[in-house]
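As C-alpha cells, here come the structures.
Across the two complexes that follow, subunit A remains constant while its partner is subunit B and subsequently subunit C.
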Partner chain A sequence: MSFITRGFSGRSHDRDPRLPPGQTEVSDWPVLSAGPTPRVDTEEWEFSIRTENGAHTWTWDQFMALKIDDVSTDIHCVTHWSKLGTSWRGVSIDTLFEGIETSHDFVMAHSYGGYTTNVPLDELLNGQAWIAFEFDGEPLEAEHGGPARLIVPHLYFWKSAKWVRGLVTMPNDDPGFWEQSGYHIHGDPWKEERYW
Partner chain B sequence: MSGPADTAWRVGSVSRISKETPSAARIVLDVDGWPGNDAGQHLDIRLTAPDGYTATRSYSIASAGPGMVVDLAVDKLPDGEVSPFLVDDVMAGDKLEVHGPLGGWFVWRPDAASSPVQLIGGGSGVVPLIAMLRSHHDTADATPFRLLYSLRTPEDTFFPEVLKDADVDYVYTRRAPDGWPTPAGRLTKDVLAASVFAAAEKPRVFLCGSTGFVETVAAWLVELGHDPRMIRTERFGGT
Partner chain C sequence: MSHLDGNALAGVLSEVFTFDPTLARARCANCYSVDVLARAMVYVDGSAFVVRCASCDAVLATVMDGDGRRWVSLKGVSAIEIPR
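Moving on, here comes the complex of A and B:
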C-alpha cells in the first residue's frame, strides 16, 4: 500500500502498540447506538441465560451476590476510536455458565430496547467476557449501557451489548441486529473485521 | 445499492471543494467504482502520511442514489486531527482514500409509506438528512417529510439549496436572523414538541448530531410519547 494523502502529516506518529489498525485513542467516550437510550431500573432488571435445556434467571440482587471480577482492558469501537486501560467490574460469563450445559456453539445477546448481537460461545468463556455494571469505579451510565452491559473486549465494541438482558445459545452463528445492518459477523479489531 | 460493502479502499478524486459555512467545507468526490448509496449512509476516509501513519474517520454522505459522485460536508473541529485537514488543506484534484458505503440502519429508502418522516439534525448532523431530503425530492416520493434543524447562526446553514424546497423548522442556538420571531437559544423540549410530527401520527424519526444532542433529543421524544423503535439515531461524537 503506497497511497499517500498529499499534505497530510497527522498528529502523533508514536502509535501505541495496543492500538489495532485504523484506530485512534480517545480520552472521552463516544457513543454508538441505533436509537434512544433505554432506561432500565435495577428493581426491574433481570438477566437470563437460555439454552436448549432451559433457562436461568437472576435478579439484580442475586446478580450482585455472584463472584465479581475487576477487569482492566482496552476497548475498540468500529467507528475508529479506542480507549486504553479502562477498568470495569462485573460477573464473568464463566461464572454465569457454571452448571449450565449446552451443545450449542453460538450465543445471541439480547438487550433491553430490542437489540441483539451474535458471538461464538467459546469467545465468551475462559475469562474473555463479563456482564459489567461498573466503569471507573462508578455505576455504568445508561448512555454507555447501564445498568449492565456485556463486555467482550477482544471484539469490536458493538459486540459488547449495552443494556443486556440475556444470552440465548443457538446452534448456528445467526447474525444479530448490528450484523444485519452491515457490521461484520465476527468483529476482530486486529483483523479490521468492521463491515461485511 | 444497499448490498454488502466490499472491503476494498477506493481512491476518490476531489472534483470540487468549497466553503459551505465559516467553519465547514463541501467536498465533492468522484469515486471510481462507487456502487451508489442509500440516503443516510456514510463512508470512511483514511488519510496516510508519508511515513505510513494513518487516521480514519467516518463522514455521512449528503447525496444518494446510483452514480459515482459523492457529496460530503465536513465541519472543522478546531482541535481535531482530520477535519481541519479536510476543510483547510484539501484542494480540487487531490485524491482521498474512501471505503463504503457503510451503515444499513440509519437509511431511508423511497417507499411512499403512509407514516410521515421526521428528520432532526444538529449542526453537521444534518448531512445524512440532506441525502434523505434529496432522495425524497428526486423520486417524488409522497411520504410527508419534515426537518427540524438546530444550528448556531444563519451562516452555519448546510446545503441551503436543498433546504429551500423542504419543510424546515430552524432553531438558532447562538444568533437568529434579523426579525426572527424567537430569540436565539438551545432547543427545548417545548420547541421540539411544537416543531415535529406528533407522536400520534406515528412518524419515523431520523435523529443525527453530536452525541449530547442526540441523547437529549431522543430522551425528549420518548417522553413525548414517541415509540423508541420508530427513532433511528446517528451519533457523530463529542459530548
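Moving on, here comes the complex of A and C:
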C-alpha cells in the first residue's frame, strides 16, 4: 500500500502551489472579449476617478509622469487557465488615490467599449491593483486591453478590466457587466468564487 | 395590488421558450431598432456568448455556461416578438 500512498502524495506535490484550485497553467495568453476591440489612441486616452466629491482626470502624458511600478504576478481566468509569473508596468491605484477622499467602500471600473466590473475599494489599495500599460516590456496590445487596463491579480481576471477609462466609487457593491449575468460578485480564485 | 409568485410564470414561459429564438424579432433597448436575433453579432467570450445589436453594438443578451449551469440575460432587449 505504501507505494500507492506515495504516488498520490507525489502527484499533489507536482502541482504548482501558485495554482488555485481548478486552474491549469497555460504558456500562451488566450484572448477573451465580450465585443469589438476598442482602438484608443493615447492622444485621446483619459483616465478618471470619480467620487461623491468630484472627479480627477489624467491625460496619457500626465499619467506617464506618475510613479510607475514593476509588477510580477500570476493571473487566473475564471475559464480555468492561469498564467504564472507575468510582468507588468503600471501605476498603482494607491498612487492614483493619493489626495482623494471618499466615504464609499466600492468601485465600478468602466472601460472604453462599455464594459464594467465592480471591486471593493479596499481590494484595489495597499499594493493590490494597478492601471497597467506594459506587458513583458512591451506596450500593452489592444487585444489584451491596451493602451491601459486595470489589473487586480488576486481576483479572477474578468475583474481586470481591459481598456479601462475610469473608476467610479459607489456606496454599495453594485454588480458590473458579468456579475449581473452569472459571474460571482467578488471572484476570489482561491475560494473558487466563479459564479452566483 | 396583490401579486403572484414566480411559479405563476411556469405555464406561460414553457410556451414562450419553445420556438427557434434566432427567428424571434427583438427590439434593442438602446437604439430601438427591431431585427431577428439571427442577424445580431455574437462574440464568444470563453464559455459565454455575448449578443450585440447589429445597428448600434449595444449588448442585447448574454448566455454563459459554467459548472453545469447556464445563465441567460436579456438585459438589452426591450421586447421579443415570438413566432406563433
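Here, the second predicted complex is superposed on the first by the 183 of 196 C-alpha atoms of A that agree within 3 Å, B and C clash if a C-alpha of one lies under 4 Å from a C-alpha of the other, contacts with A are read in each partner's own complex, and residues count from 1 in each chain.
Note that in this section a residue touches a chain if its C-beta (ideal position, glycine included) is under 8 Å from a C-beta of that chain, and two chains touch if they have at least 3 such contacts.
Owing to the predicted nature of the structure, the values given are computational and were not obtained by experimental measurement.
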| item | value |
| --- | --- |
| Which of subunit B and subunit C A:T59 touches, first, second, both or neither | neither |
| Which of subunit B and subunit C A:E143 touches, first, second, both or neither | first |
| Contacts of A:P38 with subunit B and subunit C, given as first, second, both or neither | first |
| Partner touching more residues of subunit A, whether subunit B or subunit C | B |
| Contacts of A:S48 with subunit B and subunit C, given as first, second, both or neither | neither |
| First (subunit B), second (subunit C), both or neither touched by A:S181 | both |
| Partner chain(s) touched by A:T73 [first = subunit B, second = subunit C, both, neither] | neither |
| Touching both subunit B and subunit C, residues of subunit A | 30, 32-36, 79, 114, 180-182, 195-196 |
| Of subunit B, residues touching subunit A in the complex | 4-5, 7, 9, 11, 44, 46-51, 53-58, 81, 85, 89-90, 94-97, 102-106, 211, 215, 218-219, 221-222, 228-229, 231-233, 235, 237-239 |
| Interfacial residue positions of subunit A with respect to subunit B in the complex | 1, 3-11, 13, 15, 21-22, 24, 28, 30-38, 79-80, 113-114, 143, 180-182, 195-196 |
| Partner subunit C, residues of subunit A touching it in the complex | 30, 32-36, 77-79, 114, 177-178, 180-183, 194-196 |
| Subunit C residues within the subunit A interface of the complex | 43, 45-48, 50, 52, 57-59, 62, 64, 66-67, 69, 71, 73, 75 |
